[in-house]
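Heads up, the thing below is written out as structure tokens.
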Amino acid sequence: MAIDPVVYFFGFGLIAGLLRADLRLPGPVYDALSFLLLLSIGLKGGVELARHGSIELLWQSLAVIGMGILLPILAFPLLRGIGRLGRSDAASIAAHYGSVSVGTFAVAVSWLGSRGIEFEPYMALFVVLLEVPAIIVGILFARGLQHNLDWRDMGRELFLGRSVLLLGGGLVIGALAGGEALAPLEPVFVDAFKGILALFLLEMGLIAAARLGPLREHGLFIVVFAILWPLFSAIIGLLFGLLLGLSPGGVTILATLAASASYIAVPAAMRIAVPSANPSLSLAASLGLTFPFNILFGIPLYAEVAQRLGGG
Amino acid sequence: MAIDPVVYFFGFGLIAGLLRADLRLPGPVYDALSFLLLLSIGLKGGVELARHGSIELLWQSLAVIGMGILLPILAFPLLRGIGRLGRSDAASIAAHYGSVSVGTFAVAVSWLGSRGIEFEPYMALFVVLLEVPAIIVGILFARGLQHNLDWRDMGRELFLGRSVLLLGGGLVIGALAGGEALAPLEPVFVDAFKGILALFLLEMGLIAAARLGPLREHGLFIVVFAILWPLFSAIIGLLFGLLLGLSPGGVTILATLAASASYIAVPAAMRIAVPSANPSLSLAASLGLTFPFNILFGIPLYAEVAQRLGGG
Amino acid sequence: MAIDPVVYFFGFGLIAGLLRADLRLPGPVYDALSFLLLLSIGLKGGVELARHGSIELLWQSLAVIGMGILLPILAFPLLRGIGRLGRSDAASIAAHYGSVSVGTFAVAVSWLGSRGIEFEPYMALFVVLLEVPAIIVGILFARGLQHNLDWRDMGRELFLGRSVLLLGGGLVIGALAGGEALAPLEPVFVDAFKGILALFLLEMGLIAAARLGPLREHGLFIVVFAILWPLFSAIIGLLFGLLLGLSPGGVTILATLAASASYIAVPAAMRIAVPSANPSLSLAASLGLTFPFNILFGIPLYAEVAQRLGGG
Amino acid sequence: MSNLHTRCLLTIVCEALLEPRIEADLKRLGAPGWTATPVRGRGEHGDREGHWENDGNVRLEVVCSSERAERIAAHLHEHYYRDYAIVSWLAEVKVLRPEKF
Amino acid sequence: MSNLHTRCLLTIVCEALLEPRIEADLKRLGAPGWTATPVRGRGEHGDREGHWENDGNVRLEVVCSSERAERIAAHLHEHYYRDYAIVSWLAEVKVLRPEKF
Amino acid sequence: MSNLHTRCLLTIVCEALLEPRIEADLKRLGAPGWTATPVRGRGEHGDREGHWENDGNVRLEVVCSSERAERIAAHLHEHYYRDYAIVSWLAEVKVLRPEKF
């Protein structure tokens, strides 16, 4: 089957960006697109959560949080040892790659949807659960248990951040209201989803292109890491998915989440909590390489493996 | 029956705002949402107006304008006498509460719609008619017939204001074009309505939360007024609705309009015409209290009473 | 049959603008609307191109490019001779009128669509092809083959401009992905098209109204030119359409394209390449007069003639 | 550079709603031009965040002779300072084209 | 005009993410108010174009006494200059209401 | 404060379309950085309201040595003043880090 058309939009943005063409949507429009995507994903997840929620989900959730703690713990020594990165940078990058990218998640959902592959419909919950743990691990790696970090302030920053709140709020509203009551809202939150995702990806292509430049300054290691680490962490995601008894579609998504790297929530948190880390280094890796890699090659690959292993 | 889901969005915004979380959509996006809501309401009203318009409507319209004059005349002495407010503040608040809130109207329409309760479909006309009279009464209370107010300029301000013009323009286009010709525009102006309303209410929740703070400074009277006055003015709206022979749905909407307080058009007009009135006082009341009160409790209550009294 | 309702929105904007009412959508929203229109037109054209593309289209394309070169060559001497305009202004206006207005194209498509008149569905390709040639001719008229113009830079400006790129990118994505794969994107790019066009035209009405003022300063010739030239160039478009064997709908669109004048891409290019030309003169003509004229009177007229001549 | 001429830069920050009125005043008082920026701010009148309708400020900058700048400032003081959220300040600047300002 | 009083205008340009923290600092250090503008920019830390999340700058302006302005500038220098994209400068301005600034 | 150093703030307001060209000039002429703000305005060239495509202005601010600022201003004068909507002015400012500007 052909490429998911939303990926063409990403490619279009990437090419336009490399040609330095000015296709940028104004900042407020970008904000509105990402706002809508997050809320839509949350709402849909919430509806399904209310429908399919079970006690089993609690264990799955705990396991997923465990994965979010494990991934940065595995990445940090690698970045320090082989990558020879400073403490702050290694910790920051570990946090980026331990956390998740909602954009990548949306593309995976769209990819599975257009192929008719089923998956546990409450996966949006896992996205929320995976956002924060890696950030905390990263901060601890960078600063130890120093007492001059205001953890109360940091907690606000983390749990009241835009993406956690919009996904979480969407989940709650979706669960409270239920699918039937939300039906009149579907033209905006469901039917428009793929079109909005396409526009969002066009912008992300432009932004990713702008991040490829700085990459050159940062040396080969980070390039290799940005490609190989996702392949490794996807395997961890696959294993967790299989252990949790997810369907092949669900396993694919968990692998994608593990392989994806945050480029919104984590950079903001690290800038405040670990200011000495170089933000352009981690962003060049996560946004300039890992995001395109996952969207263009990763997701189909993870799906292929998940289906071979016949999760579920 | 359950709560209208758009109200959950308002609640979500309110809670996020009270937690000081930054969920704000950028200003331009807020503007676009309110622009769309006003135009959509106008268009739909216009289509129905052309379909159902009759000579009877003329009398109804005059009566509704009368209500818009009566309400601030009743409120002003109360605010002066019991509330002990200064002339300017009393006049300004009377104008706010004599005029209407389009957001509240939209929630009422959505609420009735999701319950399948019929109402006169040209009620959007009444919204336009109720916007301006109370403002003029308020200015007269504040300044008497002073000659240093440029009424020509003020007239422009009032009748060419954004909401009057968008509602009015929508009404005219809807009436001229008719429902059939407008069908291809429905995905944007009709199908998307509830989704856009949900996003708008999320923002209004955030804004209302920010207005609750100043409320404390303004003393108890204004808090009591912001809750009790709507109950009183809703009764006036109910009576007008019954006298005009509206259906129970129509009576509900007229009561809601009477109970609602402007937080967009009137503040802007008062700021120019009665600059000595404290804008934060009237906005704290209308937006911080009355708007949430009507949305969460008022509308279901007014509908209940309207149906008991069996309007129509 | 009645007026296309999107035209009412333009009229509404025009009237509001003449009354100096503030209905402006914020800049970022305007940008998003035009972004969406361009991309939607491109996508739709691309899908049809892949379906109907043939070797014949190549000849048609070359002929259309020829028309884009011919039109400014005809206009320039007229503007110099009869209009007594300076070299720069004549060259700039010739470029504006030799190029095309995507907004006018969209209204023509909507107009034909609402009347069920068929047209070659790949006409979006012609829009792209017509954008640039007239600009190059205009620059040559203004500056000859001077060597101090950086043509490489200019080429970037022209071919990587927003409208060429969005239309072109849409065409490519549409052709690559095909209609079936793009179906989930239709709520945003197809169903919403007319609503978005209506909002866009409302804004264009406001902008056109603001351009009518300066017109007075520029004398009668430019007013006459802005109305009569479209009628003349529409005939050229009609002839090209007939020669190319287009259907009556297709002939109508080619005539409309010929009659339309650019108000976005060309002004930007001329400002850089021919800075001594007065931008307010050409914009007053193309946006203040020609755009409204085509939308309100031109398109129905060209369609009438095209159908009488029975193109195809 | 010897061809630099001294002028005055008047900066006004006020609630957005006032913009049309103050711009009319500027015109009337002979300002040769101005630049406007939508801004947010905080002062005596609290937070003005600009997230919705009229809730923001605007920043107006006028370069002109110092006499004119002071006359404008005095006019604003008289007409707006009591009831509105508004501040302004003056600074000395140099320009190349004295005839323009 | 004899009734003009000298004050100091402190302008800060920094990455948008810092805004809440620096505004809290301003409050703590006694700034009588400030004006904020979203801006873009370029400097040592590269392009900050503001096209997406936190990728822009903000420009904060504070009019106050020169002692206070210098104290704020020194505070920023100490706390933010090493790790963040931030610059600031001071200028002399005149105001009509000395008690306000 | 004794550790304040005098520099020059060059402010340019021009039609938005010129931004990329003038920024390239700034780079070439050695500006250490700049800050850009989308603005509206009014002047000889009429209203520039910025409501649609290229119809607005941009405000560029550069802090640098006064020689460099004057050289940039002279360059702008020569290349853009005749045909474009553009103004600029210079002002004296104080900075903490002389090596940066």
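For clarity, chains are labelled A, B, C, D, E and F in written order, and residue numbers in each chain start from 1.
We take it that a contact is a pair of C-beta atoms (placed from the backbone, for glycine too) under 8 Å apart; a residue touches a chain by one contact, two chains touch by 3 or more.
The structure presented is a predicted model; accordingly, all values stated were derived computationally and were not measured.
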{"item": "Cα-superposition angle relating the copies chain B and chain A, to nearest 5°", "value": "120"}
{"item": "Type of chain D:chain E copy interface by residue overlap (half), same or different", "value": "different"}
{"item": "Gap in Å, rounded to a whole number, between the CA centres of chain F and chain E", "value": "19"}
{"item": "Where chain C and chain E are represented by their mean Cα positions, the distance between them in whole Å", "value": "46"}
{"item": "Length of the line joining the C-alpha centres of chain B and chain D, rounded to whole Å", "value": "35"}
{"item": "Multi-partner residues of chain F (each touching 2 or more other chains)", "value": "37, 91-92"}
{"item": "Sequence positions of chain B contacting 2 or more other chains", "value": "26-29, 31, 187, 192"}
{"item": "Which pairs of chains touch, using the document's own definition", "value": "A-B, A-C, A-E, B-C, B-D, C-F, D-E, D-F, E-F"}
{"item": "Complex interface listing, chain C residues touching chain B", "value": "2-6, 8-9, 12, 16, 19-23, 25-29, 110, 113-114, 187, 191-192, 194-196, 198-199"}
{"item": "Interface residues, chain F side, partner chain D - complex", "value": "11, 13, 37-44, 57, 59, 70, 73-74, 77, 81, 87-92"}
{"item": "Of all residues in chain B, those that touch chain C in their complex", "value": "26-29, 31-32, 35-36, 156, 160, 162, 165-166, 169, 172-173, 176-178, 181-182, 184-189, 192"}
{"item": "Chain F residues touching chain E - in the complex, by the definition given at the top", "value": "1, 4, 7, 9, 23, 32-37, 63, 91-97, 100"}
{"item": "Interfacial residue positions of chain C with respect to chain F in the complex", "value": "24, 27, 30-31, 34, 203, 206-207, 210, 214, 264, 267-268, 271-272, 275-276, 280"}
